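Let me begin by presenting the structure, written as structure tokens, before commenting on it.
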Amino acid sequence: MAEKEKLTIVMFSGDLDRALAGFIVATTGASMGMDVTMFFTFWGLNIIKKNEGGIKSKGIMQKMLNLINRGGSRRLKMSKFNMLGLGTWMMKRLMKEVNMPSLDEFIIMAKQMGVKMVPCSTTCGVMGGLTEDAFRSEVASITGAAYFLGEARESKVTLFI
Amino acid sequence: MAEKEKLTIVMFSGDLDRALAGFIVATTGASMGMDVTMFFTFWGLNIIKKNEGGIKSKGIMQKMLNLINRGGSRRLKMSKFNMLGLGTWMMKRLMKEVNMPSLDEFIIMAKQMGVKMVPCSTTCGVMGGLTEDAFRSEVASITGAAYFLGEARESKVTLFI
Amino acid sequence: MAEKEKLTIVMFSGDLDRALAGFIVATTGASMGMDVTMFFTFWGLNIIKKNEGGIKSKGIMQKMLNLINRGGSRRLKMSKFNMLGLGTWMMKRLMKEVNMPSLDEFIIMAKQMGVKMVPCSTTCGVMGGLTEDAFRSEVASITGAAYFLGEARESKVTLFI
């Protein structure tokens, strides 16, 4: 049996629009029979944080960062025209009108389609001492940048979003 | 005859500087004999909107978004140092001094060199219900994310800008 | 002897967080035996500017741009939560706590590991008439976009950061 073609996506940004772009490509790839890995790093870690509950962390600075940079798929904002939340609200309404899934639904859908979502170990430390406890159930174990490059070098397509 | 090597670029951003970076790579690729496709999505759709006339759309939110997010190659701003337009004006002057084409000229040049410019169907709906009428004549038909991935998996180089 | 697999990274952004992401991937690639080229363009040129001394340039606009857009690895700011420098200071402290190298150390390390760092000729002109004199000693000669695409088309992985 032929091996599946690979698609690897680095999710660097925590903006709602870039997150959506990533999941549109990821789920499209999975529906085309590709083997998809999403590697979440820096602000992208916000996308896969739990929406409920606080984030436990040691150290004052870590606690502060987790407070101002709470994250969670339902808290993300647009990179442009956020306008104190009005633009983000409008975008979510427009998405509903054209029957585009919400980011939350995209994450659940991606998991069901076999997309592998991996948090980057190097940046989990810097971004507030995050442990696997901070992430939602759809997410795989925390892994390093070498794992990402290992996947990427075997991929037909690699994107940095 | 050997097939041409492919270069595929996702144009996500509507910032003038990122748009220029995309067209520098695209036209360089075309001049090296590569088969280049640019896929415009989210704010990147602004790059290829007509500069003249308003954008027709149905629905109040769509009309509002098209008003605040007008787009067109001559209206784009720098991602940094826009300074109420002063920075963008300065950048355009600096480009002229070093004989770099304007974004408008780049789009026309790209078309002449055979670069294919494609608007993303999924995001045309979300970004204000855009139809082909909103885009300039150099642009190809609106197409979906599966088309992009089909091109990307056959490409030597794929960039997300 | 088998040729080394290539990794090519376009460094477009001058934000501290994106710069760090680029160097994490570049040094990881080099440690895995890959042949790594980083191509600095637009704001990314700021990453490899000398930290000391001013930047000499001709023309009033060039001088102005080099003043407001000084650059240098130690002057870069976070893309988010800079908060007048507080967020960037906090991030640097968090990096130290988890033993992540500073951006300055990353650049030196990358050079020692054989990573090739190349400034883009097309944008050196636009970004204030930069000459090789503006860049630190680890940096290779200024080269054009065709060189980048030549490397990228032979690369296993190409990223636009």
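First chain written, first letter: the chains are A, B and C, and each begins at residue 1.
The rule we apply is simple: a residue touches a chain if its C-beta (ideal position, glycine included) is under 8 Å from a C-beta of that chain, and two chains touch if they have at least 3 such contacts.
A quick note: this is a predicted structure, and the numbers were derived from the prediction, not measured.
A.B. asks: Is it true that over half of the residue numbers where chain A touches chain B are used by both copies, so same, or is it different?
C.D. replies: different
A.B. asks: How big is the rotation, 0 to 180°, that puts the C-alpha atoms of chain B on those of chain C, in steps of 5?
C.D. replies: 120
A.B. asks: Report the inter-chain centroid distance for chain A and chain B in whole angstrom, where each centroid is the mean of the CA atoms.
C.D. replies: That pair's centroid distance is 25 Å.
A.B. asks: Which residues belonging to chain B are in contact with no fewer than two other chains?
C.D. replies: In chain B, residues 158, 160 touch at least two other chains, as defined above.
A.B. asks: In the complex, go through chain B and note every residue touching chain A.
C.D. replies: Answer in residue numbers: 10, 12, 14, 41-43, 59, 61-62, 64-65, 68-69, 122-123, 125-128, 144-146, 148-150, 152-153, 155, 158, 160.
A.B. asks: List the residues on chain A that touch chain B in their complex, please.
C.D. replies: It is residues 5, 7, 17-18, 20-21, 24-25, 28-29, 31-32, 34, 79-81, 90-91, 93-95, 97-98, 100, 156-161 of chain A that touch chain B.
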